[in-house]
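Below you'll find the structure, written out as structure tokens, and then a few comments.
In this document, chain identifiers A, B, C, D, E and F correspond to the written order of the chains, with residue numbering beginning at 1 in each.
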């Protein structure tokens, strides 16, 4: 028989629901030469990589579990971030579904010569919490507190439907949130 | 008056339409320790980075222009790729729209001990061709030849509508391709 | 005569005094395999590198100037930070002296499996603000607001004396703050 | 007694002879700032590194074994590859000898602004297939099919003699292929 | 009972005192684009990282033990080292105290276009020798031979007092070496 | 007319012949996780990269010119260098020919737990000195002093013949040094 020990306590703790604010992660990075394209601006791929690390930390703060990236959606890069800029990446879990979690990421960048800070882009990464064999395990939902967090929590359902619909896992008729969006 | 010279010839060449197969890019990478998470599998962020480089090369082969990543969508990671695997990334431009291009990326991985190769995931990255000041410039569409390339070319329109709709740039009523999908 | 323009406005802005809290920088990093020694713990050199980037950003937020590291002191590593940990680095300017700035850095680390966070170490890096030719230029002092910030601001004078004394730039008799410390 | 299982099947598979074309590996890399020397061209050492990875993958595709680099010869760099270029590395096993394999590597580079592609260089790397303890194990020869592959297969014998001669492992009198080359 | 074997012989060897010159380590590095700040000079953090590796090797040469960095002090950067320079890092153990070791590091840099070499800075890193569980283990002192090595050995005591004093581990009254320095 | 200035002095200095010992370069590197293959040993490609940097520094110390790698030959890896080892790379110019230089590289590795040091391999890299446009420029020969350096200087001629012969630039009849080796 397996004894009651730190391992089980950990499990108990992992199941305890976290507030959205407890999953908040702030990452600050400096754009170096190797991160830039021939125009001297941050390459999208490097930013996608940083966003993945920040959001994975956020997802692990929510679950105390190893997580693996399963989907990336709705990433839109609006700005060119020049060499030498500071990139500020904020990640927070918006909602969980069984063993998956959606993380919202907001990216801004700062010109250190002027102090000016601008928004760059927003994205949503989806993770699945897994055990040591890599099998999905259920996670407890996060608790939104602010109005903004509540809005993100609600909208997460619609984004999920869209992901499942596009992946062919549900049929258009089942995407009730989306149907609403089209007014049908 | 600007003289006729290599620069203008280049422009002429850049405007010449390329076949989809001419934009084909194959990248082969080895999963090293620093690319892996605590389960010893490739981190999603690293793969997103590699996919960005492969698709940017493909987009530049189509346009002979500097391109910048503007959107990433419909990325779904289905497999865990272990340390020591070979990752095979195939990218090809499916269609262009004014100054933007959609690139389809197919990822597989190979176990060198067994020779077994498995599909990992598919994704779509969108780029914009820019001039030396970073301003968007129009590009000529690619020419699909095979049936598969034609299908991708057609579907690209629907994915674009979805991107614009989600970004709030068009209204549900304008997304004709999508409305069809919902049977309305 | 040099014309009034954006450049001068920038200078004006750079001379405007910043609050200590405006120089605050939070960096979050994940310990990857290549960052670790043979015991699987974060190598000191990697942490020194991260601390340098975080504190340089803080110093630039205080001055809107390029800064160069000129001294590192009083770094004491008390903890072993294992592979897979999250490292949290906080940097803030404590005080400026002519063209130099002292930055205090506090490092903690977090176990993502348990959510436990522990203090790792504190250090002080000194920077000099320079112009485009690399020549030192005067900077305005930062404004401490909290009691803690005031204490750091006061103690910065003593640390500076110690640095100058050790570098042979002042004589023991001139180190009034230190003499006090020895009760003489 | 060791049981018949997947491990043994693997061995059987590893001993099955591969066609040269089955060992073909195509690697595509982008020249980034850190890969370049002070003239802004790709450093030879970085290319040697990429060539090693590509050829090691090719050697493993031929053997389904771990391989280690044992010799590098006849590398001649004829071209300067500028920053921002795409480097295309093709590797294929030409022949095996007991537990060693010769891999031929052809390198080209492409200017993404013009679409122009040029040959850069050719090289031969030699690998040894090893077991989990690092001991050499015999491998089955690859099967050349095209005329070109046959020529490479034949010439591999002469290159091997030259390697052994230069390493002092055979005497000039035993290098029959080389003697022919000198017409003696 | 544990058998006499290579492991114990190793321990015996590890306890054998080394000469300072046997701990000497010379590291040569090239300043690449990613190592530089916006002025094109080597970033302090990168140099701190290289210094840590060089001094850790030196400390391990003295002890044949795994070592961990515990303190960094008295680092003063006097020079700007430009992109493309060669950095020459010399490290040697000056003295040991129970399980800790002080390493002195001297940094110079060389302009390859002119052959000119200049001193950059000096620093002291402190390490602790640990066993496989990370627990400190006693080490034998190194033997200074030259006059310079003897001077470093003697001064190491005073630097240690200063470190302990600043860390609050000894009281000003116990810092006899320092009191002398202040003439009290 | 171009004025006499620092630039010309530099040229004069660059033409001054250096002793072989003045071109000596010692590089010390630590084998980190990302440098290793699946057996936990240093990958050949990483070592080829380090050897290129060490030998390029050596060639620049001989010429005070930018150099580019043009050939790599006679590299034979005899040993497996495990993770955590220290790699010691020694490079020195053996001889110059018009604008090209041959650099000999000797590699050893050290086990920090036992202090044991072993030879790993020897290789020859060939560089060409170039001006700022990348065009080859003549260099003055190095001066061998020790008997060993003289032997390397003499043998360099034979290795050069072999390189030219293999590259098809001279005919077997012209390779007088080689013909001697075959006793014809």
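Rule of thumb we're sticking to: a contact is a pair of C-beta atoms (placed from the backbone, for glycine too) under 8 Å apart; a residue touches a chain by one contact, two chains touch by 3 or more.
Predicted model only: the values in this text are computed from it and were never measured.
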| item | value |
| --- | --- |
| Any chain in contact with subunit B as well as subunit E | A, C, D, F |
| Listed chain pair A-E, B-C or A-B that repeats interface D-F [over half of contact pairs the same by residue number] | A-B |
| Maximum centroid distance from subunit D, chain identifier (CA atoms) | C |
| Centroid-based (C-alpha) most distant chain relative to subunit A | F |
| Interface residue identity across copies subunit A, subunit B - same or different by half | same |
| Distance from the mean Cα position of subunit F to that of subunit E, given in whole angstrom | 31 |
| Centroid distance [mean C-alpha coordinates] between subunit F and subunit B, Å | 42 |
| Touching two or more other chains - residues of subunit F | 33-34, 38, 53, 56, 66 |
| Inter-chain touch pairs (all) | A-B, A-C, A-D, A-E, B-C, B-D, B-F, C-E, C-F, D-E, D-F, E-F |
| Residues on subunit B engaged by subunit C in the complex (per definition of touch) | 33-34, 36, 38 |
| In the complex with subunit E, residue positions of subunit A that touch it | 32-34, 83-84 |
| Residue ranges of subunit C in contact with subunit A within the complex | 10, 13, 25-30, 53-54, 56-57, 60-61, 64-66, 86, 112-115 |
| Residues of subunit E that touch subunit C when the two form their complex | 37-39, 41, 43-46, 48-53, 56, 66, 68-78, 80, 123, 125, 130, 132, 134, 162-163, 166-167, 172, 178-179, 181-184 |
